[in-house]
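You will see subunit A twice below: alongside subunit B first, and alongside subunit C after that.
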Partner chain A sequence: MTALRPTEFAAMLAALTRHRGVLGSLVADAAQGIVVDASLQHGVAGDAVAALAASLYRKARLSAGAAGLGAVSFLRLEGELGNICVMGAGDLVLVTIAESRTNVGLLRAEMRRAAAALA
Partner chain B sequence: MHAWTEAPLRRFVGESRVRYAVLLHPSGLVLGQHGFTHAVDVMSACSRAAAIRASAGALGVELSGAPFTDLYYGGAARHIYMAEAATPRGPYMLLTVFDGESSLGLVKLFFERFRAELASAAPPLDAGVIAAPADFEKELQRGLAAVLERGPARTVIGGRG
Partner chain C sequence: MSDHARNSVPDQIRRLSDELARDPSSLAFIALGDALRHARHLELALKIAQRGVERHAESAAAHDLIGRVSLDRDDLLRALEAWTTAERLSPGHPGARRGMGYVLFRLGRLDEAAACLAEAARTGDADAAAALARVRALLGVSAHANADVPMIELEESEADHALGPPPANPLDRERARRLFAEALGDGNHTALLLDANGLVVAGAYVTEDGTDVGSEIGGELRGVRDEAERMSRYLELGSWKSVVFETDVATVAMAPMGEEDLLLVASDQSTPLGLVRRVTERCADRARRWLAEVA
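Right, the complex of A and B next:
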């Protein structure tokens, strides 16, 4: 991933990535899936995760709307080896990539606080 | 028909969900396209793509000493992404148009794969196969004739390249 100049989100992302088991966190444009800022451990493909996670979030939002469930606040994709968590914040999405051992409840609470600051 | 461009282009279109795609040589030779139904539309898109590439290249040289190779234009509902794919046969340009079904992030992500697949699929260049710089309109017409004579298939690959 191309090195980005730090933004106002850098401290918040670094704090999220310091959580046990979190491999990285990023803020991306929700519509276009482009990374705004990221704090990632070595080997995490931030650009790809941002593009695909933002796409998932958009689709989930549409699905929830179609099902009459209202707005999507939190999206968790559970994989064999870990989780991708996505939270919308206005035109942005906050994404974290975490190992299976991560306390997702705690991470979600932290993401909610961070997303409130983003929006 | 040049099969070496078919699989990469078809896969790129399927994965990225772009509405339109045109793969062309900078000379104007069209190698494949997806989404267009009229030759005149492909011709128009290719002419503009070549003009944009020339302008962006000159602007890049002016500003940073090297030509810009990727271009994104965000419209209200539709967006354009155009980028170069280097192959052993020389550079090719992919012009894409996408909407809310896709995103710039997805298009760039799958374009990187397309670029790698196209480069590995490209057969060695025979001397004189593409004479550059060629006559743009002549090459464009020849490519279009090959690409669009194939009927209504959505993704059509053809041309000489």
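Right, the complex of A and C next:
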């Protein structure tokens, strides 16, 4: 695993990344898509994940705004081989990259708890 | 006879270009943009209009010009956005109301189009009144429905050009609008099928106050499919199957349909995620069959 300079998010990110099938987790600036801290397995491009996930999250927020649906709390992109999960936490987003075998329900609950501590 | 009528269009464009060059902050860009538009130099007209809006961001007339040029370029969403801005800057702006009416007509939202055109017609706008008569004819409503709206004979006018061809047969439109009714069942769900430009192909998204916000949502979601594909490709996730997001009051699921379309299903926040998934699959089946039928 690789890790950036430890921050107050390090322990929480490490705990998420220990989940079965999770390849990495990171905290990013929601507006800019810039990584704040990350815990990633080797080969996972944290910068790209943060930028793409924050961009998709922003689009979801705009469409939710257009429909009067309120704030977006959780977003999941499901691919054939894996998932990207994004949880909003104020001006930050918590992102996890997970294989398709991951129990997303459990991961979502863990992310919700972690995001509550972030906000 | 006006100067506009006396001068040829190239002369008029040259004169207005000179005027704008002498004083780049002048509002001559509006007349120049329209002259270019009438001469079918639409890309140049758009550039002039954009520069004008950069200098005069608070001018409703400048946004109105962007709306006219965008409509001529068949960029309906951009036109609607421009006229919405013009209306916000100058509530009741007749050009904005008329323009919104044109776009809503082209989107097949005839009731809303009629409402916008009626407001513009009340200000004495003859083009809006002519367009309103045409919309009402399609709706099967008497041209006299509102006594305060002047009655205009249907004749060739700029409105006919702006309105373009009538939308699909009203029965087809209604069928498309209600496409997902059976698949959605009795639960608190709604579904939309959007094309690559975010335009509503089928379904509806009606808010609690009865407003159909399908077009607005479609506009915001324009490009989301490309983004999901890019993300899946870059992160080697294989083909993307769905994007689901949860908000304070709803769960929204999106899935790719065919080569370019996007299916969106929204459910009440209390709906379990697994049920949202099942409803989305049912709607996807329905959309696939329908797309095959109309192809």
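Quick note on the criterion: the second predicted complex is superposed on the first by the 116 of 119 C-alpha atoms of A that agree within 3 Å, B and C clash if a C-alpha of one lies under 4 Å from a C-alpha of the other, contacts with A are read in each partner's own complex, and residues count from 1 in each chain.
What we mean here is this: a contact is a pair of C-beta atoms (placed from the backbone, for glycine too) under 8 Å apart; a residue touches a chain by one contact, two chains touch by 3 or more.
Because the structure is a prediction, the values reported are computed rather than measured.
*Asks:* Kindly say whether there is room for both subunit B and subunit C on subunit A in the superposition, answering fit or clash.
*Replies:* fit
*Asks:* Classify the contacts of A:Q32 with the two partner chains as first (subunit B alone), second (subunit C alone), both, or neither.
*Replies:* A:Q32 contacts subunit B only, not subunit C.
*Asks:* First (subunit B), second (subunit C), both or neither: which does A:L118 touch?
*Replies:* So A:L118 meets neither subunit B nor subunit C here.
*Asks:* Examine A:V22 and indicate which partner it touches, taking first as subunit B and second as subunit C; both and neither are also allowed.
*Replies:* So A:V22 meets neither subunit B nor subunit C here.
*Asks:* Under the stated touch criterion, name the partner, subunit B or subunit C, that contacts more residues in subunit A.
*Replies:* C
*Asks:* Under the stated touch criterion, which partner chain does A:A50 make contact with: subunit B (first), subunit C (second), both, or neither?
*Replies:* first
*Asks:* Classify the contacts of A:L94 with the two partner chains as first (subunit B alone), second (subunit C alone), both, or neither.
*Replies:* Neither partner.
*Asks:* With the two complexes superposed on chain A, say which partner A:M12 touches: subunit B (first), subunit C (second), both, or neither.
*Replies:* neither
*Asks:* Where does A:L107 make contact in the superposed view: on subunit B (first), on subunit C (second), on both, or on neither?
*Replies:* neither
*Asks:* Quick check: superposed on A, how many Å separate the nearest Cα atoms of subunit B and subunit C?
*Replies:* 7
*Asks:* Considering each complex separately, which residues of subunit A are in contact with subunit B in the first and with subunit C in the second?
*Replies:* The overlap between the subunit B and subunit C interfaces on subunit A comprises residues 48, 52, 55.
*Asks:* Quick one: in the complex, what on subunit B touches subunit A?
*Replies:* 74, 100, 102-106, 108-109
*Asks:* Under the definition above, what is the set of subunit A residues touching subunit C in their complex?
*Replies:* Its residues touching subunit C are 45, 48-49, 52-53, 55-57, 59-60, 62-84, 97, 105.
*Asks:* If we count contacts the way the header does, which residues on subunit C are in touch with subunit A in the complex?
*Replies:* Subunit C residues touching subunit A: 205, 207, 213, 216-217, 219-221, 223-224, 227-228, 230-232, 234-250, 252, 266, 273.
*Asks:* Tell me, which parts of subunit A touch subunit B in their complex?
*Replies:* My answer: residues 28-29, 31-35, 47-48, 50-52, 54-55, 58.
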